[in-house]
Each structure stands twice: as C-alpha cells, then as structure tokens.
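To keep things simple, chains are lettered A, B, C and D as they appear, and every chain counts its residues starting from 1.
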C-alpha cells in the first residue's frame, strides 16, 4: 500500500516536473505535452548503435531508474508513509544516488559514441567535486538529529527548520543536488550546447523514455531530500503531512529546474575548484558551527 | 597537575607559536621556557614537600600515557628547564642575525618539550615516544646549518648512531612490558632473573648510544657542527643526559651482572674519552669528549649502586657543561672558529667571559667549593663503598685526573695567545653564561638537601678520600695548565677522530713534555712529574691497546660481516628481477610459508 | 542454535554474485566492463554486509565502492592501450603460477574454514541504530587513536599521491 | 560449527583466491590493483562475518572494517599516483616494462 502510494506520487511528480521543464525550456505550460512526448518516444524505434557495448547500453537507463527508486525508498512523505525506515536512511540516499554515476558512465561508454562518452566521463569529474558536498551537509543534519534515520531527522526539526539552523549547509546541499542531477548550471554531462545531449545522444525510443523518467525521478528524490533535511519534511500547520511534503518537494524541484537556467554553465575545472577550495571548507565550517551549537544549546 | 601541564605545555606552546607566527622567535621561546621553568620549579617544590604528582592521559587502550613527578624526575625537569632558559638567553644573542632563527627557536623549544616529557614520563611507551622525539629534534638541530659542508653528514651520523643504539631500548621495552605485564617504569624494578639481565644490557646499549660512550662516541664529536647553543643544550641536560637518565631511572631493576657491565663501559668510557679530550685540537670537540667522559663517571656511579650520586653529578655537569659551551660559543662568535689554534688568547680578549669559563672549567675539574667537587666526592664515596671498588676507584680517579688535565689545557690555550682588540659587547650571551656559571659555582651546598630529598643515605667516607679527590683534581688541572700542548700538537693536523688519534697525540704529548719539563722544572717537583709521566704512559698504552682492538678485532669482524653480506647479497640479487609480478609472486610464496609456520607452530608445543 | 535459512540463502546468493563478478573482472577483455564488474562484486559484498545486519557498513561499502570503482574505470581507460578490448590483446602473464597460487590460497583457506572449530554462532545482534551509535562511541572513544591515525594516513596518502602525480613544473601545462 | 559463518568464509576465500590470481597474472598496474581490491574485499567479509557471528557486541570488529576501507582508499590513491607518474614518464603502466627495481 505504502509502496503503491509512493510510486504513484513519484510518477505524478515526474509528470508534473516534465511539464514544468518543458514550460521552462519552451515557454508554454501544458500538462498534456509530457504525456504526448512520452507516448511518442515509446512508439518510436529504439536504435542500437553499431559496435556498442550492448550490456552497458541496455543496463544504464534501468540502473539509473533503480538508483532513483531505491533512494526514494527511504524518503518519508508522512510519519507512516515510508517504504522502509532504515537506521542509516540519510546515508542510504547517498549510497543509492552514487549509482547515478555508475549508470551515467555505463550510458556514456555503452553506445560507442564520442559525445556520449565525453558526457559520461565529465560526470565522473563532476562527481569528484560534488560528492563531498552531499555527504558533509548531511553529516551536519544528522548531528542535529543524532540519528541517520530520515524520520528522526524530520522530527528533529519540529522547533526550527534546518534551513534556518544551518543555512550554509542548505546552500551547499542544493548546489550539490543540482550537480548530481546534472541540471543547469552544472549540466556539462548532457550539455545541449556543446555535446549535443551528452549521455543522451545515442539513446532513442523507449530507452530514452526510461532515461528521462529516471532523471525526473532523481530530481524529485533530491528535492524530497532537500525537503526532509532542511525544510522540515511533513511538518506544517493545517494541511495533512503528505500534502506538506508533496508541496514542499514540488516547490524545491521547480526551483531547482528554473533557477539554474539563469546562470551560465560552469566549466569542469572551475567547478572542481569551487567545490574543493570553497565548498569543502564551508561545509567544514558548517559542521563545526552545528557541532558547537549542539554542544552549547541544551536539548 | 597544573605544574605538570605548565612544564610541558609552555615550551610546546611557544614552539608551535613560533612556527605559526614566524615572528619574535627569541622572545617567544624565552617566554615559553621561562614559564616551563616556573612549572618545573612548582613541580620541584611540590615534590620536595612530599607530594607525588602523577597524571594518566588517555592514549592506547589499556596503556594510558603516564606522567609522574617524583623527587627524582622533578629534579631532572628542573635541571632541563633551567639549562634551557639559560641556553635560550644565550641563543637570543648568538642567533640574533641568523636567517633561520624562527626554525631554530621553534625546534629548540620543541626539543625542550620532548626532553621534559622524557624525564617526566611514567611509562615505557611515553618514554619511547619522547626518546624518539628528542632523537628527531636533535637531528634537525645538529643539521641546522644544513647547507654547510659536512653538516648534513654529521646530523645523519648522530641520528644513525643513536638510532642503532635505540634498538636496544626498543627491545628492552618490549621485554620489560612483556615480562612485567605493565608499561609503568616503576613496575620494572620487580623484575628479576634472565629477563632483567637481558633488558638491563639492552638498556645499557641504548644509554651508551645516547651518552656517547665508546664505541659510539664518534657521533657526539661530529655533532659539534651544530650551532653552539644546540651543543650546550644537547650535552648538558638533554640528549646526552638522556642516556644517563635512562639508566638512573632503571637502576633499581639492574641486576649485579649488568652493574658490572655498566661499570666497565662507564669506566673505560670515562678514561678513553678523557684521553681523547686531552688530544683534541678543537675546543668544542674537546668539550664534547669531556661530556662523554663525565657521563662515563655517571655510569661508574650507577655501577657502584649509588644512582643518587649520579644524579648529583648529572645536575652539576648540566650547569657546568652548558656554561662551558656557552663560553665556547662566545669565543667562537669572536674568532669565527673553534679550533684551539684559532682560539688562542681569545680568553684574554674577554676577561669577563673567560672568568666565567674558567670558573666552570675548574668546577668541572672538581675543585672546591664548586658543584662538581661535591658530586665527585659523592662519586668517590660511592665507588669506595661498592663491592666493585678495586675496579671502579682507580678508573674514577683516572677520569678525575683527566678531567682536570683537559680543562687546564683548554684554559691555558684560551689565555696564552695574543689578545686582540676589544670585542663588541655580547649582553645576551654573557647573561646566559653567567647565569649558569653562578649555578655551577653555588650549586654544591644544595646537594646535601637534594640528597636527602632523593632519599639517599649518606655513607661513611674515609677521611683521606676527599683529600685524594682534591689532589687528583688539582693535580690534573695543574698538569693541563703546565704542559703547553698547543706547540706539541702542532704537527697533528689530521683530526684526532679515532682512537688512533688519541694514541699518536698522546705519545707526542708525553715524549715532548718529558723533554720540556725535564729542562724547565728541575728539582722541586721531580717526583710529581715522574708520577705524571707514568700516568701519561699508561694512558698511551691504554689508548694504543684500544686502537689495536678497534682496528683488528672490531673492524675485522665488521669487514668479515660485510663480505659475507655482500656475497649473500650477490646471491639474492638474482631473485630481484625488478619485475613487479615476479616480486608479488615471491611475496605470495613468503606469505604462504608464514601461514604454514603459523599453522604448524601450535602443533609443536 | 538453529541457522536462519533465509540468511543462508541470501548470503549464498550474494556471495555467488560477488564471486561471479570477481571472475568476470579478469575474464572480460573490456577494461570498463572489468571495472564495473569489480564494482558489482564489491556491491554484492556490501549486500552481504546488509544481510549480516551490519547496516552502516553495508551502506558505506555500497556507497564508497561506487565512486572508487568508477574512478578506477577512468584510470583503466586512460592507461590501457586497448580499453575497449577490441584488439584482443594478451593482458596476462605467469598464468599457471597465478592459478596455482590462487588455488593454493583457496585450498588452504578452505582447510582452515572447515577444520577450525568456530563455536556456536550468536544469533542476536544489536539493532541497527544502536549499532551505529556504538560504532561511533567506539571510534571516538576507545579506538580514537587508531581511527585518527587512519584519518591522518588517508590525508598523507592524498597529499603524497597528488605530489607524485602532479606534473613537473613547466611541463604538461595543456 | 555454524552454517552462515562457513558460507561467508567460503565466499571470502573464493574472492581471495580470485584476487590473488588477478594480482599475479595481470600485466597492467591498474588491473593488479583490482586484484588487490578483491583480496581486501575478502578481508572485509571475514571481519564482518566474525563480528556478526562470533562477537556481535564488540564494536571493535566494525572499527577494523572501517580501517580496512581506509586502507583500500589509501591503496587506490597511492596506486593511481604511481600510475600517473609512471605513465607520464614512460607512457605505459605495463609492469613488464618496469625493471628499474632489479638488483
């Protein structure tokens, strides 16, 4: 029952986000457009490039989807509405999303195409930058909650949302989330401008559909993670918990899809430099700050 | 507890601050060491009242790092801190224009910290750690002017010599912890039987290495390439003293057989290095050899079963030797050299400094009423009362005679040359020097209470013994002053580095002195002179014998070992193809063999 | 103590997967496949941790290996003459010796495993959250020294590896 | 004798054997490192298994797993550092071409 509810929420969210993305890119908001696009993709022939690594080519979109769904498994919509409440939930989100990297490398390597491969390796470079900025803000969040369980993390924010408690961590985590879901301005792996779609170049038909769906789910899961870690999850007055979760997640996701487009795309080397020279020290400051407060303020 | 923290953390904090701020290193180092001195004074006062300060800091599971201030360790701590302050004051002047002074003062303070840690450590593991730290810091300090020729080599030599001897400490510590089941130093005294014997011998090896007893003395001579304040610190209260301190602390557990070995090493060390000091042509190297010789005294005392007398001599020696080095540093500063030829008359140019140097030198020679007279008296008393007296007393007397002789000689050289123009004043250096000289002169009367505090029983001394000691000391000093060694040593420009060096120098020394003295001082002192000559010849013979043993036996053994190693190395060479996969395969086979041995081992018992 | 059949089943399954992927690592010609196979082998090991109720370690293993092996993959591509395995190059040597060594190791280990008396298994295990907290206390309490040494080691290795790998000055600026 | 422990240990032994085979038989430095990773994975499995089935109360067992993971990361870092330097100098990381360490 819970699984069905969460899956339905994910599909609905993905659909909504696809509509938003097409609105952002094409300037017209239409709820039917993504459906039509999806049907068109499903109906079109799915071409397998010559001399491809067939196994990787086939497995990559599926692995991407599985990674997104696994990460969704520890995301609570409301106190009871969670597929599995792991004691290490916050770490598990991260572990599952690490396979996004694997899937993208496979998708880049598989079709034996130059653009795709460059896109795949670019994502690896990007990963070296953002991975620390995913883990370290989560560390600070878990320090406040004194638990890695997503439910307890939300519960710990009853008095004050983490966005106010550790704004630095919020900014870093959102930036890292943008890089993880290769959204602008960190969309080098699939940069439409200079790589002709990067990892997506060689995919067509159903496979492309799965790839895009998986990507939407990943964006959604990341938005949900931001909600849980920083925006108090289901906490909120009047409305029921799941509604608050959904609302916040959609707002964050829309923000992630729209805000980055206003910024210029960031070069790989510059991104790494920013991450390691600015991001990591700031994340350490954040941890230190949260640690000091946790020690000083009695709970 | 607060005193303990102050003693250790003040120099440490100063060192870190110096290395971090890179500004005002001398002032920071002085402040740090002065605070450390305050801490050590506090410790000393507290332990003198009878308190026992101890701390166990969390370290390895089940093995906390123990620090303890007993009267003994507090005395050491006070000694280290005092010498450190004086040396740093001197260094503030000595290093005033050196571009590397930030590094210098930083390492110096860290070195002092490590030494304080060593003397205050309450368990073997902390002691081992501190031991390593002083080794490392001294390597950095000896190699401080690493761009000068021969300096890196000297630093490396010091490091390697002491390192190889440190192996003894490691094995001894493993053995002690294994045998007693406790890392505490105090627990080791319960040990008896073969483990105590082996551990004692290994500790002796480590101590001989650090205290530069033969055959390890070479590193100490070479280490003179370091800045003079470093030598002063190294010799008096820290690195070299660590060996003696180790044995003093371990003294309760040493069985009789080890004590005999300690006595032999110390006695021959005192005499041989004393002879080397007499033959030396370089003031700093002379002082270095005399350091080794004086530590030989301490070992003799430990062997006689009176570690407290060794403590007294260690303390007296710390003040005196650092004063001597600081004086030598000033002379070196003036003449930009340390050879005795170049320093001739340097003392006359600076009467004030020379007076301090001379006082310290006479103190070292053992003239009353200065510190070393008291401690040497204690040493003589201890050796007289020990069961090993027939061996130890002559050696101690010979050592005392020699220490008088070489100090007299150094004074003569410094005084007798041409005095140059007046020098620029050196306030910092002079303050550091005189502080220590005053200590060296006045420390003596404090030894009685100190002895009581350390819990030693004052033994009966036959009345002729102090007289004998005094006579030997004065005789030695007079001898050193009267024999004009500079002219005699002229032809021997090759550095007297080996035992061979002692031999040839002394041969000439005694032969020519016979001619000179026979002509010059005729009737009145004929008998004294005859005795002197006899002593000189004995010394020559001893030195020659040492030389022969060194050349034939030790070298021969080493060369044979080398040949064997080289041959087997040639054989092994074929195994080393340099191909990584081959070597991996070989290591796999090795691991399989090891596992096989481990599997079979339990079956055979 | 009765063994838990479900646990044995899952352990066997994931263990077999780990071993099979391990074999694939050295059987495939494509270097990227080889790296990804190693990744899945390690992931299966992580899954075995999860089956053995070491939740934190399992998740950590799964997470760390994903990044480690991906990085390995790019190094394979960078440093191999034939990363795609299209040229059918011979990439092995001293095969028989290696097989023997591996076989000997396996036989020896098997002997130890089957002959050793392991005693009864403990079935109860602390809850995951309790475990994680206890592990944290262990790391920052009793074993802090060792843990800090490990941290220092990894920092040293990072710096040293960068120093070794960095281009000599003036060379390779592009 | 406990079935779960033995199963895990056998799997670990197999991984270990494969790792040894790989480390010895591969000509490429990076492939050798893969073999070493497998050996370490086997060690990890053993550690976790012993912790789980023999001493689940002693967290030091898990601590060792973390240390071994650190060792793996260090091995990767150092290995790749060497590989990069080697490749820069010689244009290849084939171990058969490295004879400089020969005696």
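A few notes on this one:
In this text, contacts are C-beta pairs under 8 Å (C-beta built on N, C-alpha and C of every residue); 3 or more make two chains touch, one makes a residue touch a chain.
Because the structure is predicted, anything quoted here is derived from the model rather than measured.
Of the two interfaces, B-C and C-D, the higher number of touching C-beta pairs belongs to C-D.
With respect to chain D, maximal separation of chain centres occurs for B (centres as means of Cα atoms).
As a whole-number value, the distance joining the C-alpha centres of chain B and chain C reads 53 Å.
Centre-to-centre separation of chain C and chain D, using mean CA positions: 6 Å.
The distance from the centre of chain A to the centre of chain D, with each centre set as the mean of the Cα atoms, comes to 32 Å. With each centre defined as the average position of its C-alpha atoms, the distance from chain A to chain B rounds to 67 Å. Touching of two or more other chains is recorded for residues 20, 24-27, 29, 96 of chain D.
Not a single residue in chain A touches at least two other chains. In chain B, the positions touching at least two other chains are 581, 585, 588. Chain pairs recorded as touching, per the definition above, are A-C, B-C, B-D, C-D. Remark: chain C residues 30, 32-33, 36, 39, 55-56, 59-60, 62-63, 66-67, 69-71, 73-74, 77, 84, 127-129, 131-132 touch chain A in the complex.
Of all residues in chain C, only 93-94, 97-98, 101, 104-105, 108, 112, 142-143, 145 touch chain B in the complex they form.
If you check the complex, the residues on chain B that touch chain C are 59-61, 581-582, 585, 588-589, 592, 595, 599.
Across the complex, chain C is touched by residues 53, 55-56, 86-88, 91-92, 94-95, 98-99, 101-102, 105-106, 109, 112, 121, 124, 127-128, 131, 147-149 of chain A.
Contact residues of chain D toward chain B in the complex are 20, 23-27, 29, 32, 95-96, 98-103.
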